[in-house]
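Some structures are shown below for you to check.
Both of the next two complexes hold chain A, though its partner changes from chain B to chain C.
Up next, the complex of A and B:
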């Protein structure tokens, strides 16, 4: 039915199967939209946030998807600025994943603010000293860059590509894409960093506060966030690619491309986690004690040990050093199970880091006579957080079906000519019989 | 009309006098049109500008001692003028620090409800309007016309009854004066406290009672020279303008966090 829209040389599932899966994911999306409308119409009392937990699941989701979407800017940086040619075979998908992550982040922010219709105040009445202002500006600008990077991909659809204007536009956009990749890397450096600064500047919250470089400009979390997004973002790109390959049942990207990205990611994670360890040690033994806090105060005596030392161990060792080593050692990263383990751990690690620097910051009691604040999200919060995931899956399904996202797909999965239907249908011997019948006209493939 | 000298309005709360009666909270809610709900069991959803905490010395009976701890907004100045935890992070300048009065303001119509200021404030002085403000039938007639009611989805906090300052300044202008007398501008909680535990005034004015008790050392970010006076979480560098007075050491010690190896100075 839609074969004219499907890229040349590749095979896709039937329209019925495609629509069925779209409908299932669409239902999840509608559930999220329902929760979103509840939050907009009835207000944020639909959440389990409170005056102690002003930031919660949504802000974590925002920070996490932006970190995971970091694969787009860093892969673009490697491909266009550093000149890693092999990565041209995964850059499309990295851009699509980045586009999904950043649009999801903006959607979540639109739900999270108490007065959504005033959201534009952040641009109009901008406080240049606020990390959130920097986040808003850079994030919006980078989203525009992602749109610019995604547009040529859309225009490469078989039908739109037939239009000379679109064809030439796509060609010319590809020619200048290095400029956008550089702009994207520049903007991402700042908004990823600013997100790190969100908790790092909170000098009233000793768990989140970090020393500042150059005196008062940027806390160290600024650089750690940028570094971790560049390190773990590509792992998420690889993970989604691998999941897509599993679902599609075929290889979409050659091993050497994955291998290169994984290797770079491994070194990035290793250097990041060393810096993160140094930051943690300095914070634990110098910064926090200067305000009367010892490490045990942050990690003990909380209900159910929700925030125990295990978080530190999990984030730094299990989801930091372990995936770094798995990805750096050639033999290990070329072992599928270890590659899968490493990319999953890296994704969990960066997400956990964002969780800790949003929720644990608020959970730790600061006034000596107050207790830990423990929070569990409401179903409306969970549904609205799943909403962008469903939206992302839908966009991937549609893009994969109709756009040439994976340049190596056709080469990796050559379509063999279909056997003659008669031969397939008839048992051996019968086919021979048919062929020998004289005078009967042969069926044309289309008619058959 | 502008005043001649910059002010630093602040208060001293005598914790030895506070009985925990809650009059300050009631007066504050009434004065500032603070909304409430039928079910106020979850205090973390309550809108309260002034909140009274209960502290104990954590000793078993009969050595147990209790202290009630009123906590308004601290109107922090930070380490340099106006760098309070909340003002510095608000992305839309919906909260601001006045160098003329030392008061941290909140512009309700500009706040878009991101709640970053709440995350920044270690005192939980900032609260969010999770619900639409609804008053029992007829009670809306008793609302103060001097204070705007807030809408759902914005943050609010204690303003040191700033409208009273505005009114006092207007009166002074009519009288041809540029300065206020000490008793001309007092917050509602100060006036409502039956024990007289709260003293309010200008921390820059050596004649004001609040200055005499707090004895702020402005060269050291307002740190008190009075050994019995302390500020809440002073070591975080927030530089609050609310001081606490207590003769009890355990109370003063609960005003900040100390490492086990530390001896409170």
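Up next, the complex of A and C:
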């Protein structure tokens, strides 16, 4: 039915199956949209946020998807600026994942600000003393860059590519893509960093506060956030690629491409986690005590030990050093189970880091007479956080079906010639019947 | 926020760095896209890409 839109030389599932899965995911999406409308129409009283939790599940989700979407800027940087040619075979997918992550972040922010019609205030009435203003500037600009990087991919669809203007536009945009990639890397460096800087400058909250570089400008968390996004973002790209391969039941990217990205990611994670460890030690033994807190105060006496020492161990050792070593050692990296383990741990690690620096910061009491602040999201918050996930899956499904995302797919999965009609186990004369009914048999993707 | 237009604008380092960075990025993106679109119009006018299919 839609075979004329499917890329050349590749095979896709039937339209019925495609629509069925779209409908299932679409239902989840509608649930999220319903919760979103509740938040917009009735207001933020639909959430469990309160005076202690001005930042909650949404901001964690925001920071997590932005970190995970960091694979787009870092892969683009490696491909266009450093010149790692092999990565051209995964850059399209990295861009798509980045586009989904950043549009999801914008969507969540649109709900979180409560009055989206006033979203432009942050640009026009900018508070230049706020890290979040810088985040808003860079996030919006980088989203424009991601749209520009995604447009050529859409225009490369078999039908749109037939239009000379679109074909030429795609070609010309590819020619200057290095400029967009460099701009994207510049913008990402600052907004990823400023997101980390938000907790680092909170001198009233010693759990998040860190020492600064250049006087009072940049806390160390600024650099750690950028570093961790560049380190773990590619792991998310690999993870989504691997999941797509599992679902599609075929190989989509050659091993050498995954291997290169995993190796770079491994070294980035190792260097990041060493810096993170040094930062944590300095904070635990110098910064926090100087504000009158001992380390145990942050990790004990909280209800249910939700924020025990385990969270520190999990983030730094299990989700830091372990995936770094798995990805650096060639033999381990090339063992599928260990590769899967490493990329999953890295993704959990960076998400956990964002959780700690958004929610644990707010949970820890800062006065001797206050208690731990406990928060559990409302169903509306959960539904609106799942909404972008459903949206992302839908966009991946549609893009994978109609756009040439994986340049190596046709080579890795050559289409076998269709069996002769006589050899098929069909009732006699059925092929003839189809021919007569439709005038001519429907064009199969392989034939197309 | 723009100088001369917005009453909140102040000629200090904070405004210059913040908004300078924003306009710098927007200008690069805008100029690169303008170049792409103009070159595409020129190429299409010259018949390039018509023989592609």
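Details
Here is the rule we use: the second predicted complex is superposed on the first by the 424 of 448 C-alpha atoms of A that agree within 3 Å, B and C clash if a C-alpha of one lies under 4 Å from a C-alpha of the other, contacts with A are read in each partner's own complex, and residues count from 1 in each chain.
Please note the rule applied: a residue touches a chain if its C-beta (ideal position, glycine included) is under 8 Å from a C-beta of that chain, and two chains touch if they have at least 3 such contacts.
These figures come from a predicted structure and were not determined experimentally.
By the touch criterion defined above, A:172 reaches chain C but does not reach chain B. In the superposition on chain A, A:180 contacts chain C only, with no contact to chain B. When the shared chain is aligned, chain B comes close enough to touch A:297, but chain C does not.
By the touch criterion stated above, A:119 is placed in contact with chain B alone, chain C being left untouched. In the superposition on chain A, contact of A:198 is made with chain B only, not with chain C. In the superposition on chain A, A:162 contacts chain C only, with no contact to chain B. In the superposed model, A:129 makes contact with both chain B and chain C. By the touch criterion stated above, A:144 is placed in contact with chain C alone, chain B being left untouched.
More residues of chain A lie in contact with B than with the other chain of the pair chain B and chain C.
Within chain A, the residues touched by chain B in the first complex and by chain C in the second are 124-126, 129, 133.
Looking at the complex, you find that chain B touches chain A at residues 42, 44-46, 53, 55, 69, 85, 88-94, 110-116, 118-124, 126-132, 151-155, 232-233, 235-238, 254-260, 262.
By the touch rule above, chain C contacts chain A in their complex via residues 1, 6, 8, 14-15, 17-19, 21-22, 25-26, 28-29, 32-33, 35-37, 39-41, 43-44, 47-50, 52-53. Per the touch definition, chain A reaches chain B in the complex via residues 43-45, 49-55, 112-116, 118-119, 121-122, 124-127, 129-133, 136, 198-199, 201-206, 289-294, 297, 361-362, 366-370, 373.
Per the touch definition, chain A reaches chain C in the complex via residues 123-126, 128-129, 133-134, 137-138, 141, 144-145, 148, 161-162, 164-165, 167-169, 171-173, 175-176, 179-180, 183, 186-187, 190.
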